[in-house]
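Shared between the two complexes below is chain A, which pairs with chain B and chain C, respectively.
Presenting the complex of A and B:
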């Protein structure tokens, strides 16, 4: 009697446990088509999506040999296109290793929220894919025509570029979940890095530079690399990168500073009923390179370099804020968040017409560049006489 | 099921339990005839009749088993003194047998016996019995003498550092090896005869003031209940008295090394020795003992700790690697880093078998090679390794029957199972269960199996001591000799549940023998 009860209990446990397995399926590893990258365009004639995927096909040989294969498919919706692929590839596409999604600027300008719905909803697609906007060419052309040198595939090449952004700071990789998060915040707007094809002799190489500015769900314009760096300064997302300072002390020489650490604080302030945004930037830099035989750091030199660098950054920040305020009217800097955090009452009153407030917002930039390191030597290479 | 088994066993042994009633008589010739009848058709039993010198000559007869005795002792210490002995008046004062025992026979072990079963037993265990005319009592003289293998290095548990003595097949030598290590009057050896036909001498060995009284009693109670035809190895006894007989995990340990037995005795454990085998059982046995090696205690404790961690990791590798590999490559491709996924995918290109079958075949093949190697004469061992390495490894991959990662998985699994040699059989079982589970439920099934195994382990007990003692719940004192091996000056206590009578190993923690 007792043992029968036990057995029944165990069987019940097993049956229950099998109900919790969620999404699973047996599939052999060599029977899936691993997708590395996806490009989305729209057919202007019939309004259908054109989906291009880069599939990694491993080839059995000595060592790892990978052959990227490009497939293109049309579909009324993304999922339609995804399933249509089976007719051509023979196997279901495997999306878990999807690295990058390229969206053509046309799709982005129309509004990408409906396009990206599938990424949020579907279990197979991950939300940690990098989103990119193609500039100039269509997204499909970038996947098809671009040649990746270090990796065999364009997708991996782009993925690597986005991962090492910290040392260049001229673009900013944005993952899908991050994009959606910014989109859902009150007042703020997202941005995505842009990719274009650069002609290098016979080959066309994909290059990421600058960002595409969104206003809520729609793309409204571009920022170039320098502007992007200023944007990152404001957003306190600088982790590295270089600042070439030109014509220091009117000597017509360049000094290159390498950013090691940066801290930016956005401090909104009410002065006489007028909202002013203080942008306090504190940057620790090292001297990476001096293109002159003269010792520029002697005496007042160091201070002058500091002053010039501060002026440069200040100017760039002011310029980008002006540009975005005037042309795009889209708060990609996170000003709304800063106001909301520090003065919630004020935010409540201006929330309704934030767009107008943002365009009229005055900013005050304080940059403090601290030159802390100069690598091994403080003096230039000495030339014997 | 166990009940059924018991019934069956009783049925089998019913005949043997019957006893013939035999009794000694006064007449020497009748007694000789009696023994001749007992040992009918057995030509190795020798009957030697002789008489003493003197006026009232007395008739004697000695009986012994030819191959079990040292003849020199019989000639010099029994026959010669009796024949030469002059019978005087004192004989009648003492009684003849006492006179012989006290004044004539030169032997360390002589006793008077009436019981015929005991006499037969002693003859068969190398004793010589002396029958005297007109007496119903017999003298049993110890004259054991047979060839034994000398003490040599144990093959199954070799060490780099540590004593090189191993137990032999002779229980006497084995006991001496233990006694030499623990020279204490508290060390107790208690003998039992087990086996209806083999009458094997089994010795229970423990240190009186350390071993848990209840466990000692329990051991004797269980040994008492054994009913078996013959015992040839401690394995028989282990299987008959262990807890959870259907569990794949050993709840009684075994070793071939006297130093290990001595160490376990000092922790309050009990050893069971059995005549005819160099393997000694120790109990209670805990799960963590699989991972403890004698060398851990002789080497630097830091390295001992590292080695133990390696063994524990090896346990997990050996049970889990094939299961996890199959789960990841057939269910959870998203969990493999992309470059690795691609290289596995490339390696599997053209392999006809599903990953699970591939894994089963390779693991099974490995077990075949292992089993073939174990019982193989050393001279043809090389053939196995060549076939194993080249044909089943390289050639199988080159022919695309097996993917290269699977060979690595198999090799890793196989090699790590050798880290805990006493657990190999258990490991194989767990490995295949986990593999089967993860082949149809993925990682979910694997975790399912792991939970099941843990529940099973937690439920095990060895002679009342929880099998996972010192593993969970973690006790500050007992953890010192588990995954880590604390330095000796730091281990103040013996394992509490095992050595409950005297758990303090040393009172002063700071006495280290230096400074």
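Presenting the complex of A and C:
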């Protein structure tokens, strides 16, 4: 009796071991297509989405290479397009390594929200993908025609550019969750970096510069690199970057400052029933380059540099705020959040007609540039007489 | 059955893990929005007197569980009826926990696997540990609680850089009402759920042990619950958190240390598995003990296997889809739970106090 029990047990164990070997839908790496980047356009004729993906195929030569390949498919919805892919190639796309999503202007102008849901819902897509707007005619041209210099694939190239934005500050990488968060806040609107193809010799390379301004879910316009830097100054998102100051007063030379640290405080204020936004910028800079053999580091020279740099930043900030207020009427600066945090009661009373309040909002910019370092040299290069 | 003894430390870890359990993935109290952390603190404070009633019940009837108390206080007929109610409550509670486990596994990890597969496996383990008894379960909890806490601290540490204080400012923007609602929600899930322990805790070493077990468990569990919800809000922001079924899981995807240490979501799943397993077992132990009490049996072990199989069936059949499941939890179950976890225990406590006073007056030499 006991031995029969044992035998039955052993047989059962074996059966189980064969049944529950591993994952239900296990796949080898050569059976899936790893997606690195995706571009989204809209077919104007039939209203379908055109999805272009850059997939990476592992290739074993010396070490492991990633060979990029571009595929395009159409579908009524994003997911429809994704699954249509199977009909063309026979492999299922694997999305967990998706790095960048490029959207064409048309899609962005029509409203970006319908395209976003899938990223939020699908478990395979992560919420830390970068979103980009293509400045060209279509979004797919970036993936199709662009050539990456350092990496094999354009997607990874873009990913690198967005990741190291900190030391240029002329664009701002926006990840999916960040975009959705800004979108869902009361009053504020998001923005996304823009990418375009630039001719370089025979090749075309993708270049990221400036941002696309949204008004809630819809794209309304552009800001260029310099304007974007001013925008980042206001949002306190500057981590680095350079400020070239031209023609320093009395010295007539150019000087380049590098930003090391920045702190911006938005302080809304009620003066006589009128809302005024104080933008206090404190920037620590170092002198990176002096373009003349003149000593600007001491005495009057440094004061003038400071004054000119402050005036420059102030002017740029005022200009970008005016532009956005007049042309786009969308609060991408985070003013609404600042008002909501510091004076919640005032915000409750004005949030109904925030758009009008925003366009009429007066700003007062105070910039304090502190020159802290001058790198290795204490004096500029001297030309012997 | 009387031989089973668990130490205070084991009891504390059981209660703490029970509280942390499903909260790792299902964050409740989101009506409070940005003030979720306030709501959590408030819920913990409100939970103290509630847990005190449980403790008093234990101390008044030293060595007896809720089912015995019900029979003593309400007599044979009403007592039996209430026992049946509580058995049903803990049984459905258990089936929800099991279903939640299945949902989590299928939604997050394996969309093509039938949901019954993870459920069956977890219930096999459950049968095993239930047959071993509460002692083994308690030792299991004692072993895993430190690991769980270390993992939690580790995750929060990794997320420190992504936190943004702006996400919780301004405080009390919508006034105190949403905070109170959120606190009530947090009280329902998970703090007052500890009432299930009144059905299963065996005789502890001293009468004062009960106080230690409940309150220390509440403090440990409460601190971790507070940490989880506050981290969620600080990192993801309230809109993201309230839009997701499993917000913590999404929040942790943000961990990215130098492109090297990332995708640590699996740790969240691990913590959930540890806590959720304890929670499920506590509920099922209550069901089994209660069922054997209904039929006046001394030991519950013979009934474990059939009940667990029934549980798997119920969890699979109860809902057609995950949308239905979450809808039902948030809109129906929460009120049933409040009745069984908050209202009824207080009534039982009042009746029990009266009863004890009466019997004392009759024969004061007893005790």
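One rule holds for everything that comes next: the second predicted complex is superposed on the first by the 355 of 385 C-alpha atoms of A that agree within 3 Å, B and C clash if a C-alpha of one lies under 4 Å from a C-alpha of the other, contacts with A are read in each partner's own complex, and residues count from 1 in each chain.
The definition used in the following text is that a residue touches a chain if its C-beta (ideal position, glycine included) is under 8 Å from a C-beta of that chain, and two chains touch if they have at least 3 such contacts.
All values derive from a computational prediction rather than experimental measurement.
Peer 1: Where does A:246 make contact in the superposed view: on chain B (first), on chain C (second), on both, or on neither?
Peer 2: After superposing on A, A:246 lies clear of both chain B and chain C.
Peer 1: Just chain B (first), just chain C (second), both, or neither: which does A:32 touch?
Peer 2: The answer is first: A:32 touches chain B but not chain C.
Peer 1: One more residue to check, A:94. First (chain B), second (chain C), both or neither?
Peer 2: So A:94 only meets chain B here.
Peer 1: Contacts for A:177 in the overlay, against chain B (first) and chain C (second): which applies, first, second, both or neither?
Peer 2: second
Peer 1: Have a look and say if chain B or chain C is in touch with more residues of chain A.
Peer 2: More residues of chain A are touched by B.
Peer 1: Is A:126 touching anything from chain B or chain C once the two structures are fitted on A? First, second, both or neither.
Peer 2: both
Peer 1: Return first, second, both or neither, reflecting whether A:344 touches chain B, chain C, both chains, or no partner chain.
Peer 2: After superposing on A, A:344 lies in contact with chain C but is clear of chain B.
Peer 1: Across the two complexes, what residues of chain A are contacted by chain B and by chain C?
Peer 2: In chain A, positions 24-25, 126 sit in both the chain B and chain C interfaces.
Peer 1: Which positions of chain A touch chain C when the two form their complex?
Peer 2: Within the complex, chain A contacts chain C at residues 23-25, 120, 123, 126-128, 177, 180-181, 184-185, 337, 340-342, 344.
Peer 1: Once bound in the complex, which stretches of chain A touch chain B?
Peer 2: The contact residues of chain A facing chain B are 17-18, 20-21, 24-30, 32, 34, 36, 56, 58-61, 64-66, 94, 96-97, 99, 126, 156.
Peer 1: Can you name the residues of chain B that touch chain A in the complex?
Peer 2: Residue list for chain B touching chain A: 329-331, 333-334, 338-339, 341-351, 354-355, 400, 440-442, 444, 448.
Peer 1: What residues of chain C sit close enough to touch chain A in their complex?
Peer 2: The touching residues are 107-113, 117, 166, 169-170, 173, 236-237, 239-240, 243, 250, 253-254, 256.
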